[in-house]
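Right, one structure below, let's go through it.
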Amino acid sequence: MLDLKKGGLAALAMAMLAGGHAVAADAPVKIGFAGDLTGACAALTEDELNAVKIGVDELNAKGGILGRKVELVIRDSQTKPDEGAKVARELIVDEKIDVLTGVCSSAVMLAESAVSGELKVPFYATIGSTQRANIELYQPYFWQAQANATMEAYAAAEYVAKKAEWKTIATMGSDYEWGHTSVAAFSERLKKLRPDVTIIDPIFPKVGETAMAPYITTALNTKPDAVFAALFGGSLGSLIKQGQGFGFFQRTNLVTLMTVDTLQSMGSAMPASNVYGIARAPFFALEQTPEVKAFIEKYRAAYKEYPTDWSINGYDGLMFYAAAAEHAKSVAPDAIIKAISEISYDGLRGKGLKVRAFDGQMNAPSYVGKATKVPEYDFPILTEIEKFPGEALMVSEDAIAAARKAAKK
Amino acid sequence: MDPILSARNIRKRYGAFLALKDVTFDLPRGERHALIGPNGAGKSTFIACVAGQLPGVEGKMIFRGEDITALTPASLAKKGIGRTFQISRAFLQMTVMENIMAAVVIASGRWTSLSRGLYRDNLEKAFGLLETVKLDDRAAARVADLSLGDRKRLEFGMALAGDPELLLLDEPTAGMSIKERHYLMEMVATRMEETGKTLLFVEHDIDVVMKIAQRVTVMARGAVLVVGTPAEIAANEEVQAIYLGGHH
Amino acid sequence: MNAPAHPTELSRRWSSLSGIDINWKLVIPALILAEVINRTTGASTTTLLTEIIIFALFASSLNLLMSFGHMVSFGHSAYFGLGAYGFTLAVTKAGLPLEAAVLLGPLVAALGGLLFGALCVRLTEIYFAMLTLACAQITYTVLFQWYDFTGGDTGITGFMAPRFGLSGQNFASLTLAVVTLSLFALWWIVRSPLGLSIRAAGQDRFRAEALGLTVRRVQLTAFVIAAFFAGIAGMLYAVLHGSAFPDYAGLGLTLDSLIMVVLGGLNSFAGGIWGAIIYKLLGAFVPSLVHEWELVLGLILLVIVLTAPKGFAGLIARLGLDRKGGR
Amino acid sequence: MVLIQFVNGLMEGMTLFLIASGLTLIFGVSRIINFAHGSLYMLGAFLTYELVQILAPGTLWGFFASVIVGAAIVSLIGVLFEVTALRRIYGADGLMQLIVTIALVLIVRDVVRMIWGPNSITVPMPDALAGAIVIGENYFPLFPIVVFAAGLVIVLAMIWVIYFTRAGILLRAGTDDRGMAALLGINERMIFTAVFAAGAFLAGLAGGLSAPYGEVNHLLDTTVIVSAFIVCVIGGLGNLYGALAGALVVGITKAMGVMYFPRLSMVLIFLIMAAVLIGRSLGRQGGSAR
């Protein structure tokens, strides 16, 4: 029952898709943004994209990259790995992009990384942070311009270790790779730093769980001094809101991921004390250099809101790429890949950011602080912040090599 | 002559309601037997019990000397019990030929076959059945487009595909015109006559019963009231009082 | 009785007497057209074409259950996922050569279909559908959580050159060939005595039982066949992307396939093919044209369903464009 | 701890029931699998968020008034959808109706995102309900207890409407026997619309009531719809008491499961459903599968 009409329709549609795509030598530098614009990652990715757009405008105002105009090509991966791989391939092959970025979900990141490795086009992530990309799925055309999950958990452990009065720590994480990796890394580091601390066996609510009461009860039952929770989104919000009815924030402390978007959406529901947040790049904690101030102002003017961690990292990631291109005097993939480990970049998150060639990991910092309501903002921010430079958190090359060997088995 | 079907103390309840109260019933081989009775007498329930349609039937059902009480409709069909339903249940989205062919294929037990040669081998049998029920000229029509009378005849033809020893027809003429009723039931009677198979049918039209049935069982309130020839039944005062008198 | 007719005449008579037929004259041009599109357009069109072809098979396998067996599955992606993982794990864990692994995917899917199907066919209608959903979610969870074996939620990537290292166009041609053969096999099954029994069991299970058909056994057979072909589609998809993710067995894909079958048109063999073409094209174009693509896609779905409640194939039949089909 | 977990389970169960009740009502009467039920729930949450800010944030009456007004608006949206889209295809295959409701899911999700953005929002909890009843070392949070009570009120109200009012008699006539309803001269379409309105109201109510206790964002629809369906199926679709029992069983098993089999949290609800369905199929006599 196939018939010609169908074929005709399809042909028409296909012809529309195809279009022309010749690339001239002085064509613009194309940034392919294959991001999770819908689905579970939509909110984070939108913040990232907002900042990337500002970055592109800034670059073009300064004459572009290597004198070439910068052009942003946007695709929605729908937070689906197969869709991500598809649009990444389309961007690379048809749009002839020079660099790929945008992902948030770990699974989508790995799917797009595989495409980048296969087609040898540079790809960097500023949200998605699985360590598998450093270990067995490492490929040379990929780098992470943010702290990976392990580094972040290490930062939390360093912060917690300094709280001498905390003797018993309960742990929980969302039941997927990020949650498990984070809890394991946190426990490993904390044990090393504070052998006297008792770490309770972790509990793992399912991804997206919003009925947190049973988990709160279980965690509180061990009478911990603090609870480390590798949760985000719905589970984290529910934990904080539902925890208050159980006196969670009178009975113990919470150490968890607390980026600016979370602080904003919690708003008045944030407990007055006892919440400690790990963040990637909270705008209020950055050294308020003229560049940082200018960026925050520009962002606020454009989007009527403060930039989130995802915005800062998205912007920083793009500018790092531009710096690498200027250094290499080329956007050719191999030149870029060589350049990223040669340059030292001064960005919004501080000076001296560089990528380790061995596993494509940037020495990006992490921030840990105490969630506090302050009069200057209509949402809580982090105070008593400690910034942990990336070098101290990065897993050693030897350990990565060993993990790679173990994963091969 | 030993009965082809013999029911012993058949009892079926729906919750607190006893639909069949210890029905005992013998059906001689080769007989055309009608089940009559007022609405709610348990006729259709009894047919459904014989056909294995209902769960939780108590009592014992013997078919050709074998206990069939707990068997499923499919295995009863394989043992030689064919049936039609009160409401026409032909395969609506198939053609007449496909309906008959489905019946033939299933009756042959080769439903897993992937070979369309099976159709070729059975086409003549299928056409034969269609001729029997006078539908050979409508073979390519879709069942959904058939008249009710045609559908009922088609169902009869399908029920014949497995050459059943016992044919159960549950109100085969419901909803048909008087002319159609007699046309269908005479066709059934002729076929039974020719093949010597047994027929048990539920029927409301007394004229049809008188003409077709060799013997009649009258049921009322879930129990057998009386069994006899049509003439005996017609003359029975009790039947007249309970059934014929109250006939609407 | 008539004198025995000549066999070919009989088979010709059977064809004219059965309700479903295919217009062979149009199949070859359609295939040629697909291949021409493949060879004359860009890489992304080729990828889209390949996906359409793969999903035409996936949706058609579900269509076997839905249109012919009248069994509505809410968990068909499980077998797509099992096909993909069966293949992928055969390569990564068992170290099988690709040729053998390719066969293993669909077999694993069929095995899953046998196991879950045996449970599901004991139920009917919405309860059948919900048990298939439960089975699919159990499959999804195993793929999602069994880190040591399935790679967990971040899936398995980089274990092979996508498309066996073939060029996009050559792989599209290969896919077209495999899917055409598979669709032909499905078509053959639908028209065979087995297919007739599946349709009979689907249209009226009581009638079919009274004729001597063990309906559950027929339904289980249909379920396993559908799972097998969904497994082929899943395996092809894993090869296309060179990766496998738990999402392949997720609820999203199940919904996609349901939408495809219904949009394409129930009670028609071509429904799954039509649905895959329409839905995939919409999914490719709408997001590239508007930011609020979910809104627009929803509105388009609404308009299509309200104007063509019998699906696309039904619409075609109504317009008289496709005389034989649309049943 | 077991006691607290049990109470936790009861509380979650009631929330689940609130979501499922409207779904099972709509299915029971019009046989529509309303996939957009989660979207209506989400709309209830967002409307409550808006209304609370207008009315009186933090107060008890402000919260409950917002929830009820929000649910009423959701109900209107439901009616609009039923009249413009669903009603046109009652004659078509049931699956077409499913697809129409899926289309609505996509539309509502994007509209919500356009209005309220992709980030989560927080609906402030009424100050009076923020605390807990503390017995020794055990905390029993107030808010879910109030939701539980509200759920009980709704159950009783539904029972009263369905079994003791004229509307309920008409409704049951419509559910049990379409022909009977026609005989009584009831406009079947009116019943369908009324029931859809009631189901949408319940969805909006559930969304509003649960809003302060969890995250509210444009993805709330999918989180909710699957578990609501499962609860209905466990209880027997269209069966109100069944839905209540199913919801409590799911809630309590989930809460207890955290202690005894934590790794199963992701599939637990599906395993319960599978067990119930398989049990149901085994409990049935062989032969005619119905």
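Order as written gives the chain letters A, B, C and D; numbering starts at 1 within each chain.
Methods note: a contact is a pair of C-beta atoms (placed from the backbone, for glycine too) under 8 Å apart; a residue touches a chain by one contact, two chains touch by 3 or more.
These are the chains along with the protein names UniProt gives them: A = Branched-chain amino acid transport system substrate-binding protein; B = Branched-chain amino acid transport system ATP-binding protein; C = Branched-chain amino acid transport system permease protein.
Here the structure is a predicted model, which means the values were calculated and not measured.
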| item | value |
| --- | --- |
| Label of the chain whose CA centroid is most distant from the centroid of subunit A | B |
| Chain centroid nearest the full-protein CA centroid | C |
| Interchain centroid distance [CA atoms averaged], subunit A/subunit C, Å | 37 |
| Inter-centroid spacing, subunit C versus subunit B (mean Cα positions, whole Å) | 40 |
| Separation of mean Cα positions, subunit B and subunit A [Å, integer] | 72 |
| Euclidean distance of C-alpha centroids - subunit B vs subunit D, Å | 47 |
| Where subunit D touches two or more other chains, by residue | 113, 263, 266, 284, 287-288 |
| Contacts with 2+ other chains: residues of subunit C | 144-145, 206, 209, 215, 293-294 |
| Of all residues in subunit A, the ones touching two or more other chains | 175, 207 |
| Subunit A - residues contacting subunit D, complex | 39-40, 42-43, 46, 175, 203-211, 213-215, 217-218, 221, 233-234, 237-238, 241-242, 244-247, 261, 264-269 |
| Residues on subunit D engaged by subunit A in the complex (per definition of touch) | 1, 4-5, 8-9, 11-12, 15, 113, 117-122, 124-125, 130-132, 134, 139, 141-144, 212-215, 217-219, 223, 251, 254-259, 262-263, 265-266 |
| Residue numbers on subunit C that touch subunit D, as the complex places them | 66, 72, 119, 122-124, 126-127, 130-131, 133-135, 137-138, 141, 144-145, 205-206, 209, 215-216, 251, 255, 258-259, 262-263, 266, 292-295, 297-299, 301-302, 305-306, 309-310 |
| Interface residues, subunit B side, partner subunit C - complex | 51, 53, 72-75, 77-78, 82-83, 85, 89-95, 97-98, 101-103, 105-107, 109-116, 118-120, 123-124, 127-128, 139-140, 142, 158-159, 161-162 |
| Residues of subunit C defined as touching subunit B within the complex | 1-2, 4-5, 7, 10-11, 13-14, 16-19, 188-189, 191-194, 196-197, 199-200, 203-204, 206-215, 218, 221, 267, 327 |
